[in-house]
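Structure record follows, encoded as structure tokens.
Order as written gives the chain letters A, B, C and D; numbering starts at 1 within each chain.
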Amino acid sequence: MRVTIWNEYRHEKENDQVRSIYPRGIHGAIAEFLKQAGFAVTTRTLEDPEQGLDQGTLEQTDVLIWWAHKAHEEVNDHAIERVKQRVLAGMGLIVLHSGHFSKIFRNLMGTTCDLKWRQDGEKERIWVVQPSHPITRGLGEYFELPEEEMYGEHFDIPEPDHTLFISWFEGGEVFRSGCTYNRGKGKIFYFRPGHETYPTYYDKNVQTVIRNACEWAAAPSAVVPHYGKSEALEPILRLAKK
Amino acid sequence: MRVTIWNEYRHEKENDQVRSIYPRGIHGAIAEFLKQAGFAVTTRTLEDPEQGLDQGTLEQTDVLIWWAHKAHEEVNDHAIERVKQRVLAGMGLIVLHSGHFSKIFRNLMGTTCDLKWRQDGEKERIWVVQPSHPITRGLGEYFELPEEEMYGEHFDIPEPDHTLFISWFEGGEVFRSGCTYNRGKGKIFYFRPGHETYPTYYDKNVQTVIRNACEWAAAPSAVVPHYGKSEALEPILRLAKK
Amino acid sequence: MRVTIWNEYRHEKENDQVRSIYPRGIHGAIAEFLKQAGFAVTTRTLEDPEQGLDQGTLEQTDVLIWWAHKAHEEVNDHAIERVKQRVLAGMGLIVLHSGHFSKIFRNLMGTTCDLKWRQDGEKERIWVVQPSHPITRGLGEYFELPEEEMYGEHFDIPEPDHTLFISWFEGGEVFRSGCTYNRGKGKIFYFRPGHETYPTYYDKNVQTVIRNACEWAAAPSAVVPHYGKSEALEPILRLAKK
Amino acid sequence: MRVTIWNEYRHEKENDQVRSIYPRGIHGAIAEFLKQAGFAVTTRTLEDPEQGLDQGTLEQTDVLIWWAHKAHEEVNDHAIERVKQRVLAGMGLIVLHSGHFSKIFRNLMGTTCDLKWRQDGEKERIWVVQPSHPITRGLGEYFELPEEEMYGEHFDIPEPDHTLFISWFEGGEVFRSGCTYNRGKGKIFYFRPGHETYPTYYDKNVQTVIRNACEWAAAPSAVVPHYGKSEALEPILRLAKK
């Protein structure tokens, strides 16, 4: 399976604290554990030619992972349209944390994807609410992140096909932290954790979720529907009468 | 309840057959039976100032009904954005027939909304598959339209919150003809029938569905969530330690 | 609209603390605010003839509210079957708090309906996650109950048609506290709050939710499908050939 | 993966026509193509000790396939309860055709599971409506069965988690022919085709669907939630005050 990790890659270059946590970028940290899982992993960033979202890369991608935060508006609309068409054609998409506000996610959801947030480094406890889903395999009934950014409801998304995780935050909020969707022939998974100032992507449970999500989202042999004008498959009485 | 019917209003002016069926426009035919139901009805068309989608009209609208076919691309992107924001803020939206390809519906769905079609005037039988839903009140277990345009699966939409109707077509296809969605604080209903060359909007069952859908989609007292940066509601241990 | 409130009515008779909170029973407290809302309200308890679940009562009921805790197994299986058939035929059902373990709820869900619980009188904050749903009308973005029993995930229910509320508990858990389902022609709403030792049913927000839920669950004019052997509506080629 | 095929096995013994189509039973025909797919396949019938549903067999089963028609009421309630508990604990369940009326399916759905039917040997065309789902892999956009029993809507089931197939019938009906559900930690797939008097289980597309469904329904490593009384994970203010 071919996974491409796309990262905006700004905080790591501009902020010492972030760089010290993710010296090879958030994409580098994610790439490492996905390679160990046996996936064929590629990384791309906003600085790459065509912002790393050229047609060739997308066509060689089964699952695209997306991390972005401060440069959502810099991503080219044509690139976003290419990504969207690939998702609708069957490429899996995993949107992480602040990617909730990316053009691609808002575009596929049709809503504002707005939410509450607070950056106080509070505790997050992530509960599994759908234990039959393959993305939850290998987890306990909950897992904790000692310090994370808070995201709180109301999260302005379409009601998920399946809600897999709900987070409890120390400061009093809750959040639907793992949500699945189908769009066209593609599968989408939104996963909340991963603020850049915390070592969240080194957490074993977070890694398990992302690894499982890659397997779930890959859909190599989807049906190819025919759209547009179609011949009748059965006789139509009105025409037969003529 | 205040219902605004927006109609592209082109076929009726350009085609004698369509005009003879809908002499006051498709919007006029729909307005008539909705007025009889006691709703406060307004009509708007593409020819109106600001394409009939000015902020004032939208703010005075509880439910917007949308019929369009050949001029989807002529509708101004700013107008579409205004409609979208109003839906997300709580206005109901009923999209009819070829409105499946409108900018507003594709925008809110996030998919191509593509489908099969055939214009052979075949029989359509619309089965109720969710008899507990308020939109199906007053119907029998199915109703028929003697001649209609065919729309066939695969219909490229997100899986509906509720699928209310499935159509059987004489030529061998099926179609999810009544689909509900929530987006933001607004409710959306897609209803398939209504090709301009057939007197579909005079059908009593079709009128029942649209009337019920207006009542369902109106949502006058939705919750107003707060988005953005938020103060903690509970003490956060890490901060207390400082 | 005719609402019947069914209460096991044991704690109130056996426990002084509960009786002092609900001197006329939990059913009495709920009846009071629903009468003020203009509904035609009836109450029934386990002590009534046929356990208060006779066919006559059920046939005169549009929405049945169910509170029970310690006597689930005493409810007669024939009575449960009558309730179930009425729900499937269109009667609304609102299941409160510990009713999650009632025969009728488990029967309609098909799962164990098991959960975590703790009776420490902790704070519960109930967040609205579906602000477009009629059951959330009139609420703020959350409301609090200063002391309640904790119910925690995993809650072993089918994934709800719509998840309306998620609770945050002081002790660290979350819970899907408002869930809607369709079963047959009936609508079902599960609502978590209401432990007998707290004055929860006097809370204005809780009352708003139950009142809204009655209006949502009432479905007076559902479709009547025909089941069983059916004549063909269209000619079948194989038979025509004979 | 360990698949157990449970077949009532009556028609094949009592009816010459059915026996000539399925000389080793419907279970035998299904076992053959699943063995070729590399699964570890076991078959059980109503005549086996403990009706083939002993605890040992169930514990050795990852996915249970169920075909039954005329002897639903003969299946022991204790056996059904064992199957149900295994599904809730994570065993996959594939219910075929007339299994819609089995105790196990009705029990897990909570509804009557009633439907329309007609045995005229008419054409069925099965359309894919969810092309991103793994159960549809390897199919075209539809497939046909030249002669089948008709099942028609309204099918009295809970709204599926995902509706994968919709059937068009020559006689004028439609049917949701492929439906997925989660119950507890188990996954359930209902698949319509397979009347005993037609060679449906030799059809390549039908075999593809059942094979895919086995892979989808197997869930070897589900989360194990803790239910019942639970200690608090965070300090509770009211208790701290004491």
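By definition in this document, contacts are C-beta pairs under 8 Å (C-beta built on N, C-alpha and C of every residue); 3 or more make two chains touch, one makes a residue touch a chain.
Per UniProt, the chains are A, B, C, D = Trehalose utilization protein.
Everything numeric in this text was worked out from a predicted model, so none of it was measured.
Chains touching both chain B and chain C: A, D. Among the pairs A-B and A-D, the greater number of C-beta contacts is found at A-B. On a Cα centroid basis, the chain most remote from chain A in this structure is C. Remark: chain B and chain D have CA centroids separated by 36 Å (rounded to whole angstrom). Averaging Cα coordinates per chain places chain A and chain B 29 Å apart. Here the CA centre of chain A is 32 Å from the CA centre of chain D. Within chain A, residues 125, 128, 130-131, 141, 152-154, 159, 161-162, 170, 172-173, 182-184, 223, 225-226, 233-234 each touch two or more of the remaining chains. Residues of chain B touching chain C in their complex: 90, 125, 128, 130-134, 136-141, 161-162, 170, 182-187, 219-226, 233-234. By the touch rule above, chain A contacts chain B in their complex via residues 88, 107-112, 114-118, 120-123, 147, 150, 152-154, 156, 158-159, 161, 170-173, 181-184, 223, 225-234, 236-239. Across the complex, chain B is touched by residues 125, 127-131, 141, 152-155, 159, 162-163, 166-169, 172-174, 176 of chain D.
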